[in-house]
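Comments concern the structure below.
Letters are used for the chains, namely A, B, C and D, taken in the order the chains are written, and counting of residues starts over at 1 for each.
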Amino acid sequence: MRKSSMSVQELPGATAYRPTPPPAWQPRTDPAPLLPDPEPYRVLGTQAAGAVDPELLRRLYRELVRGRRYNTQATALTKQGRLAVYPSSTGQEACEVAAALALEERDWLFPSYRDTLAAVARGLDPVQALTLLRGDWHTGYDPREHRIAPLCTPLATQLPHAVGLAHAARLKGDDVVALAMVGDGGTSEGDFHEALNFAAVWQAPVVFLVQNNGFAISVPLAKQTAAPSLAHKAVGYGMPGRLVDGNDAAAVHEVLADAVARARRGGGPTLIEAVTYRIDAHTNADDATRYRGESEVETWRAHDPIRLLERELTERGLIDDDGVKAAADAAETMAATLRERMNADPVLDPMDLFEHVYAEQTGQLREQAAQLRAELDAEGETR
Amino acid sequence: MSTAAVQQPAGVKPATMAQALQRAMHDAMADDPSVHVLGEDVGTLGGVFRVTDGLAAEFGDDRCTDTPLAEAGILGTAVGMAMYGLRPVVEMQFDAFAYPAFEQLISHVARMRNRTRGGMPLPITVRVPYGGGIGGVEHHSDSSEAYYMATPGLHVVTPATVEDAYGLLREAIASDDPVVFLEPKRLYWSKAPWSPDAPAAVEPIGRAAVRRPGRSATLITYGPSVPVCMEAAEAATAEGWDLEVVDLRSLVPFDDETVCAAVRRTGRAVVVHESTGFGGPGGEIAARVTERCFHHLQAPVLRVAGFDIPYPPPMLERHHLPGVDRVLDAVARLQWEAES
Amino acid sequence: MRKSSMSVQELPGATAYRPTPPPAWQPRTDPAPLLPDPEPYRVLGTQAAGAVDPELLRRLYRELVRGRRYNTQATALTKQGRLAVYPSSTGQEACEVAAALALEERDWLFPSYRDTLAAVARGLDPVQALTLLRGDWHTGYDPREHRIAPLCTPLATQLPHAVGLAHAARLKGDDVVALAMVGDGGTSEGDFHEALNFAAVWQAPVVFLVQNNGFAISVPLAKQTAAPSLAHKAVGYGMPGRLVDGNDAAAVHEVLADAVARARRGGGPTLIEAVTYRIDAHTNADDATRYRGESEVETWRAHDPIRLLERELTERGLIDDDGVKAAADAAETMAATLRERMNADPVLDPMDLFEHVYAEQTGQLREQAAQLRAELDAEGETR
Amino acid sequence: MSTAAVQQPAGVKPATMAQALQRAMHDAMADDPSVHVLGEDVGTLGGVFRVTDGLAAEFGDDRCTDTPLAEAGILGTAVGMAMYGLRPVVEMQFDAFAYPAFEQLISHVARMRNRTRGGMPLPITVRVPYGGGIGGVEHHSDSSEAYYMATPGLHVVTPATVEDAYGLLREAIASDDPVVFLEPKRLYWSKAPWSPDAPAAVEPIGRAAVRRPGRSATLITYGPSVPVCMEAAEAATAEGWDLEVVDLRSLVPFDDETVCAAVRRTGRAVVVHESTGFGGPGGEIAARVTERCFHHLQAPVLRVAGFDIPYPPPMLERHHLPGVDRVLDAVARLQWEAES
């Protein structure tokens, strides 16, 4: 046989033919433990509820009640023209509150525009939380002081931030976990993918909480994804996916707390899908009747997070009427204060426009500031 | 304006710019089955500004499609659709939410015709609601036209009138080139008498329009700043200035002819836009006008633009947006002393 | 009990407390069938090989031999300064060739910069395939004529194109499938994610072939992903993931052909990970010794795609020496022609710069073209 | 230059710009443990241009990290790292491959300080090898500076000399603001005598440098076009022109003072850059110089730029890039007749 120039025998390193798998092949992780349960995890109304610290349940309850009142109050403020816009989390309070309560003070929260309640439940002044939506500034608080990243509007872009921060904290040897919140729609963005991949490769101490509230504005989940569940995306990054009933505050809290603890002990990131529902329209500016029927909303009202928890507490005698009343009263007080404070016009200085664009004002900005200053002065004179 | 109402033929009623845009897509879809609309919430909801209202109901979900929430995916799949001979009209929900699609726009949409020596043109219209003045929270009011202008291969078009909204969008969709179609958000609800059934023909993409002739100085502007300049010109008469207003209509191609003819007539010019000044469209416009009309100029071409800052929060935006006073201040700085 | 304003009993639609899952919960697809096999699928050297049409095996063999020769010739052309750069697919020929052969003429191929061989195996003139890398123009062929999208350099950006094209074809009622090729590194890009999600939601007739060749330039797979395999990403989109030995041409061809057939009959997209190895450096400009040892390369040479197939054919008597020689000769002829044609300087017209920027040249470009014309004329005069 | 070699203290040897950049990162990492380098292939390989060579070996993988291949992820995680007090230096492998990170850059990096009233500054340096002239295939030679210039909140810096490469990069890394640091690819291998152990101090970011004084006209340029302009100035002496060359060094902040002082001296100016002309940096520069120096100008400020086309293939790029002849042609068009 005349050896052709292309015969493989000529290749260096030739050895006997072995029908073996490709040399590099070894699955690096077993996919089985990464897969979410087939059904959303629930605690309330199940055996598991008995194991939960009653004080935690009572605390969750008080926060849910306060959270609902916060939502209704903020929505009312849009009608009074005191908020430019409000994306309500009514119906999603269990996720919002559990997210806040699952974190230690040193941890970081990365909220989206819908998650002002999570920030408030974490202890942020509601007026500061609502600054963005009132329109007097962008971020109304100091993120470092509260360890709450700015409310994020460009979808999913906060997720890589959370990964980077968690990674940096780990590199510095700090015991800090980042919890990042995103909607079902946000999971379609490239930034979601990139963030989860970085998190898994770096084994960063970060927890991703997807609130699947059924819609991205008008677009239902079925047009957003064909996946078995959003939690199933986890396996493609090599991190565990958990599926939880997002209206069951005890379940959300437990799943989040587990994931936070896992991240804290170096176990890496977790993706959690909380199945919930956006009871209100996308924002006050949206008209939800254009894309969904009232009967669907009704079904979900029957699965209300406050109702679920109140029943548990009542049936097990963990709360009495006074407890219920105290929670409601506290919520009312918060709402009254918020209403009153938001009814005051914020004091604004137009010259702030030129502050904090750079560490030091550039010459160009100084010129422009002078121009505005002169205009304002002239206005003042003619007033 | 008041006489126009009297002279209107039947069917001419006040229409908003949003309605004219909707009608443009509607008519394009009716005329050409290869026209497809896609984007976030464009179907059932009809878009957050209702500009695609009714299209899905009339033409079906396959012609007007609610996509998953991913702008690079929207524009990227539109590229593939165009490769197969469709004419996608893509809606980016807000200016700042077009940024995730930037790579697809710059590296593919703008260059595909050139890369393939004409073998694979991409007749894609990218509709981008842009600019401020609507009280939007951050990321909802960017003027992003400078990015698109700096990208060869794209047409960049922006209507300022109801007639143009219809006419230019029809043209954009019919164009065999990709067009970034910038819709001034705060003009969506502006109204003018307009006949949806016999829409007036408009000048083609690439031609500027003199919206108001004048002899003292030329205001060069586009999109959301056109009404501001018209108002300024009106107010300027009190100062004895007769200002000309040129509405560019298309930033690319740029109508040097119309603009320079105007500036040569008046010898003075101010460029007005909402976009930040530094690195914004006004620099290019002032520079090319000066290159071409240097010896006709009595004063440097001035610019009135948004400040060089991130777009401000709603409660402060009025201080940022170029308004009538700021335009008149600039006109006053056109070295009129030389005149007397 | 005094009813507090926040008591859930007041909520409309209140019904009895039921510890049921959230109303909307129903997994939409069973994840099990979407998961890839735990080991890469193989045909050569296994039982399955007996079922493969011998003519297909011979054809694959001839194409592999030709493909290898194409790779060595193109690499040689870089040394002679006839190509600006060449990203070799040596070692990956099974994937390249199988991709081309799995498609019908009416189907579309979406190659990356490394996949010129797939285009050539599909029938594209090698000189046209190499135009980009020679540097006389960007895309050297008419994509519509060949149904081969331009070789794509910005990673993963070709994937949404493939989805859009496949979707458009399906909307038009055409029986067309798109096959998109991407590297292991490319799977980390947001565009990968968005493309796969759109494909699954739209059930577009598209097949994604990931050539996992172990590296993204210098970055090994372990720094790219923590997933059990890249094929496991499929489940997160709701499409099947397949894992295949990328050096086993028969296996790659079968898996691709299955996926193409599935797409063709309306079954939607498939993600395929072919486990292979980049034998050469990233491109001729790269120095692979900086990031990997020769012994790793040697291991893979022993798993050479041509060797695997040649053994199968020889041991089963499906090819004789003449057949081997004929394949080698055909490859040599191709290489000689290619060498010769590439040694001729391309005829370039600088005025082409201004062509095809727009359908119609703008006034601005006409001015600039006139300027260059004048410069060239002046140059001509002084030459 | 020849005398410089004689006067060199020990340790001054010819160094390339790439080496100076490497050294800048090296020294910054050595001085400040919060400086982290991340990007594609920056670790083991030392970057495709070897600009990060040796950093991972010396400082470890955690300080110089090979990331997954995803630019938005790289810049997005860098934002998070900066939020936690680190000083990330991000490498984008090539100009066009920074586009996937555009949203992170525009919507977060540029605005975070402003959004948070100074509460959360982002001291991130984004290194972008840019421009052509290296025979790169498509998407490897873009001049993307116009996009960055049009974005308030970013500094945009680009060195043209070995000294500046070191000095400006050190400053960029030390800056509490985000800096887009544009590295002219084709100058990576340019050499100059330079002492890595006692690098010369350079003017800070925001100051332009007069690279060559002259009386006839001012060439305003930056990055890869600085050597072109120096060569043109040299050649121009044969025509009797004494050209001044201003190297901007930083596009943002822009040094109006130095530039305008130069133009006022000469009365004539040409802006030279590789980026496409239309909507490119030259428009802004010409416009602001004209606004400020109108009555000193003997001729309009002219621009020599890349054509308004997608970057051409390697074999044609020399026809696109502004070269000495094209610069001199522009100088010749500066209406010298008026002079005599």
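Throughout what follows, a residue touches a chain if its C-beta (ideal position, glycine included) is under 8 Å from a C-beta of that chain, and two chains touch if they have at least 3 such contacts.
Model, not experiment: these values are computed from the prediction.
Here the two chains linked by the largest count of contacting C-beta pairs are A-C. In this assembly, the chain whose C-alpha centre lies farthest from subunit B is C. Per-chain Cα centroids separate subunit C from subunit D by 36 Å.
Separating the centre of subunit B from that of subunit D, both taken as means of CA atoms, is a distance of 32 Å. Taken residue by residue, subunit D touches two or more other chains at 67-68, 70, 72-73, 96, 99-100, 103, 107, 111, 114-115, 138-139, 152-153, 252, 254, 278, 308-310, whereas all remaining positions touch fewer.
Contact with two or more other chains is made by residues 137-138, 154, 188-191, 193-194, 197, 201, 223-225, 352, 357, 362, 364 of subunit A.
The part of subunit D that touches subunit B in the complex is made up of residues 72, 96, 99-100, 102-103, 106-107, 110-111, 114-115, 138-139, 146-147, 149-153, 252, 254, 275-276, 278-288, 290-291, 294, 297, 299-303, 308-310. Taken together, the subunit D residues at the contact with subunit A in this complex read 36, 62, 67-68, 70, 72-73, 75-86, 88, 100, 103-104, 107-108, 111-121, 152-153, 155, 175-177, 206, 252-254, 256-257. Per the touch definition, subunit A reaches subunit B in the complex via residues 84-85, 113, 132-138, 153-155, 185-186, 188-191, 216-219, 223-225, 286, 290-291, 346, 348, 350, 352-354, 357, 362, 364-365, 368, 372, 375. Of all the residues in subunit D, the ones that touch subunit C in their complex are 40-41, 43-46, 48, 66-73, 96-97, 99-100, 135-140, 278, 307-310, 312-316, 319-320, 325-326, 329. Residues of subunit C touching subunit A in their complex: 1-2, 4-8, 11-15, 17-25, 27-31, 34-35, 38-40, 42, 44-46, 65, 68-69, 188-194, 197, 200-201, 203, 214, 221-229, 232-239, 245-247, 268, 275-277, 297-304, 306-308, 310-311, 315, 321, 324-325, 327-329, 331-332.
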